[in-house]
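Pasting the structures in now, so scroll down.
Heads up, the next two complexes both have chain A, just with different partners, chain B and then chain C.
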Partner chain A sequence: MSALLPQIRTVVSMNILSLPQRMWMALTTLLAVAIVVAVLLAFLAMANGFQTTVKNSGSDALGIGLRAGSQAELNSGLSNEQVKLIVEAPGIKRNADGPISSAELYVVVGGVRKSTGLEANLSLRGIELDGVALRPGVEIMEGRMFTPGKNEIVVGRAVWRDYENFEIGDEIRLGTANWRVVGIFSANGGVYESEIWTDVRTVQTQFNRGNTYQVVRFALETPGDVEKIQAYSDNNPQLNFDISTEKEYFSEQAEGIFNIIFYIGWPLAIIMALGALAGALNTMYTSVSQRTQEIATLRAIGFTGLSAFIGTMVESLLLAILGGVLGTGAAFLFFDGMQGSTLGSSFTQIVFDFQMSRESLVSGMQIAVLIGLVGGFFPALKAARIPVVKAFSMQH
Partner chain B sequence: MTDFIYELKQVHKKFVKGQESVEIFDGLDLGIKRGDFVSIMGPSGSGKTTLLNMLGGVDRPSSGALLFDGNPINDLNEGQLAKWRADHIGFIFQFYNLMPMLTAEKNVELPLLLKKLSPKKRKENVATALELVGLGERAKHRPNELSGGQQQRVAIARAIVSDPDVLLCDEPTGDLDRSTATDILENLQLLNKEFNKTIIMVTHDPVAAAYANTSLHLDKGVFVEKDVAA
Partner chain C sequence: MNDFYLIRKNLTRNKLRMSLNLFAIFIAFFLFGALGSIKNAFDAGVDLAAADRLVVVNSISFTQTLPVAYANKIKSIEGVRKVTWANWFGGYYQDPKQMAMTFIVDPESYLDVYSELQLTDNEKNRWFNNRQGVVVGEQLAKNYGWEKGDRIPISSNIFSLHEGGHTWDVVIDGIFKGETEGVDTSYMLMHHKYFFETQAYPGEWLGWLTVTTADPELNETISRAIDQQFANSSAETETTTEAAFNKAFIEQVGDIGQIITLVVLAAFFSILMIVGNSMMLSVRERVKEIAVLKTLGFPSARVFIMVLAESLLLACVGGLLGSVFAEVMIGGLTQVPAITRIFPNLVITAETWMTAVFLMLLLGCLTGFFPALRALKLKTIDALSKG
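== the complex of A and B ==
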């Protein structure tokens, strides 16, 4: 073993020093690995960012009631009477004015993206005044809250940042009416930052929704406990609600889209990794072929096949790891913190930031190392098995 | 200890390629004495290089016995053969077979990496070997910065640095001009006479062969002539 280490060190340094002889091939492999890692990390950062955004939006302390079977706010429909009845359910927190709740209406409106100039769907949410207090973390960053009964809107930070005509004081046409922007709010980076809020009754009027709502939110006496409220709805023939905590609701909404992003990212990365693997194999086979006489000469001198094997593996791993680092760097440079948006379950845009996580980085380097290991293994085996007689035969 | 460093007894060597088989040696017998300088000549395809490969433990007889210092080497496995080569054999190739990315001293150091020697001792031995071939000043040069003759002298230094019993030379002057070839052959003769190295040299060149004490002429796997210097 003591003699093996200097052998390995020598073979490795010879392999690395000879890399410039096959610079373009080595660079191609390195870039192929870098692209695989960058694409994978981009998808993982997208999935991670989306999940974080949606997770930050839900609260255990808040209940949400939708018409049974509707799954998403856009599909739900509630009458004024149903809303008045459900908020009287046991388990809903009350203050001096009665139950702490907000019946809400949710409509899709158009906005123009600053980045593309194209129109995209946005959520206009009509809320009651308790709707703001119900959502911890919501703060007016600039301007003021809308005045009930007036065509005034407050816009989430992501809408203000990414869409045209949402500066304070701007007047914008949404549906059939003009609305004045009076405030910008933040919501801990959650999905509400991709919404526009106004008074629910103004939305009912301007969008001809009569006295109906789509969702009711309420504060829970015991965070996470919605069973009593669901039982109250189930036992009352006038009510037909699905009750969940807001956290559960958002998790369900996010899961499908997260899965799509996540499960596109990995197969795509794997398919690309196969391409990079072919490149790595080609590079390493070329490397071994170019060094056949050197390897055979070392073997003739007395070097072991194992040193040739390890030397080739180290070269392959080095290229793959450098590719992985390059890909990670590129992903950080181009994707970390980049803003993306995707259609939420209600066909409106949810804006989120790409987020690199430690797990993603580990996954990226793992795939790079795997390419290096597999791409190096078979050429390394070939190197270890080069007949020593080649040291003589190739010169004739 | 036997007088013969190498003994070949009824050695057969057959190459099989597809349906065809070619018998290179059909019961070859040979003894090479310790400290001898042997040249092997013969036309292409006569089996010179095959014989050299077998003597160096890089190829095996199909049958028969190949003894080194009275011990059979054709039964050793690959790992044992590698160690045996490291302990006893120095190779000198026609095209030098130096590692192009390593300096002369690093090339010469290669066989010492297989020994349990301190870096300081390795460095000393490398310097001695390079001095012996007259290239002490060129230790830090890479092969592409050296002439053909200098490269072959580096190869000789590499072959002798671990003090092997035998130097196996495959056309060591085949790629050199006459004057440089003479230098190389004088180097080999010195190693044979002063350091008692057994040298076995395959060559096409009668002038080179004349430096040896014993000249063997091989044709179709059979020694047809043997000249021993007076």
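== the complex of A and C ==
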């Protein structure tokens, strides 16, 4: 037993030092593993980035009221009377001026993307000044807030960065009117950064919406608790609201797209990992067969089968781990912080950043190590079973 | 003993290595087929768009409506052949999560313009004369197990009925099929008269119009004429070809096609390396045998072809197995409603198959060429004297 450790050390170093003889095979395995890991990480970063963006947007302290059954802001419609009634519900926070709330109107307008020069849908949100104060984390980065009643807009950071003609002072045509950009705002990297805001009454006028709204937001007395407000709406025949916290609303919106990205990414990575596994097995079987005589000779002079087994396993794991590290590095270099955008449930753009999470890095290395383990195990078993007599036979 | 016998024997000499290579190639082509079909599903709207069809939407965005009068005004523009219009309904079946995409249309003109939607004359007539009737796409009907004659509740997440509630009762008068496999049939069409009689908002409106032109060459002129007619009105229009409209929509979803191409490329690249290396190795191991063959009088060219044929055979067998498996799996997936709701028309097209076969040949040639070249250039004396 005491001899085992030095034996293993010897065999491992022989395995590793002989790698240059199999350089191309070894590099193949390494690269195949790296590609699998990079693809998996790219998908996970996309799913993760999207989810973070959408989740960051929702606050527990905010309630949101939509017309029952409408699911998304774009589909909803509320009359002025309904909005006035619902904000009186118990459970909504009040200050000296009454309930803290914002009735909002949401229209889809076109913007030209800087990267492609193509038009994409953007959300123009009519909002009350209370609505700005309501949302935690919203800050004017440059310029100032819009003045109610004027055709002035403030632009989310992502829109300002990715779309043309949204610099402060620019005049831009949205719908049938011209608007002046007066400020740029950030919102914790959330969905709102993909929006354009202005005064709700101006939107009503410029887009012929009469005195209607689509959604009402309000501050909650107890964060997370909307039950009293829902009950108030259910008991009043004039009202038919679906009330949820903003956080719940956004998680629900994010779920579908997150699932698609997530459930394409994983199966894809697993299938590609199987391909890489075939490569790893090939490499390691070759390694073992090239060293048959060497291993048998070691056995003849008293090395154990276990040392041959471990030598092969270590070689395989080393290749896989190097591949994993390479793939992770490449994924970081190319994908981390990369920008993606997709259509949200209201047919408007949501811009998000690819984001590597610690869990996805762990997943990437796990898949690499797994390829190394399985890809090394069977060849290692073969190595451990090489009969001593092979040492004395002619090659092949 | 013919050449094929030798090729086969060489290929199967190391059964384990051959199986592993076959498996790697199998995976590559399986991915190619499966991902190709997803890409097709996204691109179908563009590829299948009719060249003579234009889409007219509100210039603010397609979520804004247009006045009903626009249909007749556009009809009188020179070069316009047919006009139809539709409205978005935002439909779901029983539970808001169970989407059932529904358009509110004028039945006769809609089916006239969208001639790729196929119904029997009997079904058409019944629907034209039944305001409560709907026609349902084959795929959508399959998703929810609906059949002709069924009375179903369809709810809207946008509109309400006069009498309250959001659920319309409709009868399925027919189930339409697509003219070709790729045509999307995951939606249903509802009678506009029934909808406007029963819904609660005042007035009528159009979501968008589809126009066919006498000649695709005229598309641009007609588009401009339409947009000019409504310029400076309270509802300006934006007219594009159907293909451009669909493309713009797909591009907004994100560049799925590009991501898929990148992944397939990555998979191919790694498999090319795996198989190529292993071919090199097996030729290296066989150096002596090749020398013997040459000594026996096999011409170099014949040896070259034999080695190349070996890798071609490997690539084609693995590739075909992978493609067939992808076909079977996609066929299976299209039976799963949860999948077809996300990707309504998954299909491996003939074009994808042709590309796959081309790639098999390419893979075989690329991986076999250098080993074959080595065999070709092999000096008999050197090889036999080694070791």
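The criterion applied here is as follows: the second predicted complex is superposed on the first by the 394 of 396 C-alpha atoms of A that agree within 3 Å, B and C clash if a C-alpha of one lies under 4 Å from a C-alpha of the other, contacts with A are read in each partner's own complex, and residues count from 1 in each chain.
Following the convention adopted for this analysis, a contact is a pair of C-beta atoms (placed from the backbone, for glycine too) under 8 Å apart; a residue touches a chain by one contact, two chains touch by 3 or more.
All figures in this text were calculated on a predicted structure; none of them were measured in a lab.
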Partner chain(s) touched by A:Ile140 [first = chain B, second = chain C, both, neither]: neither
Which of chain B and chain C A:Phe392 touches, first, second, both or neither: first
A:Met14 touches, of chain B and chain C: first, second, both or neither? first
Which superposed partner A:Gly305 touches (first chain B, second chain C, both, neither): first
First, second, both or neither for A:Val369, with chain B first and chain C second: neither
Touched partner set for A:Thr286, first chain B, second chain C, both or neither: second
Partner chain(s) touched by A:Glu294 [first = chain B, second = chain C, both, neither]: first
Contacts of A:Pro6 with chain B and chain C, given as first, second, both or neither: first
Superposed model, chain A: greater residue contact from chain B or chain C: C
Which superposed partner A:Leu85 touches (first chain B, second chain C, both, neither): neither
Common interface residues of chain A - those touching chain B in one complex and chain C in the other: 395
Interfacial residue positions of chain A with respect to chain C in the complex: 24-25, 27-28, 31-32, 35-36, 38-39, 68-72, 74-75, 77, 107-110, 116, 118-121, 174-176, 207-208, 260, 264, 268, 271-272, 274-276, 278-279, 281-282, 285-286, 340-343, 347, 349, 395
Parts of chain C lying in touch with chain A, wherever the complex brings them together: 16-17, 20-21, 23-24, 27-28, 30-31, 35, 38, 60-64, 90, 96, 155-158, 166, 234, 236, 248, 251-254, 263, 266-267, 269-271, 273-274, 277-278, 280-281, 342, 387
In the complex, chain A residues that touch chain B: 2-3, 6-7, 10, 14, 17-18, 293-294, 297-305, 387-389, 391-393, 395-396
Residues of chain B that touch chain A when the two form their complex: 49, 52-53, 56, 58-59, 78-79, 82-83, 85-87, 91, 93-95, 97, 99-102, 110-111, 113-116, 158, 170
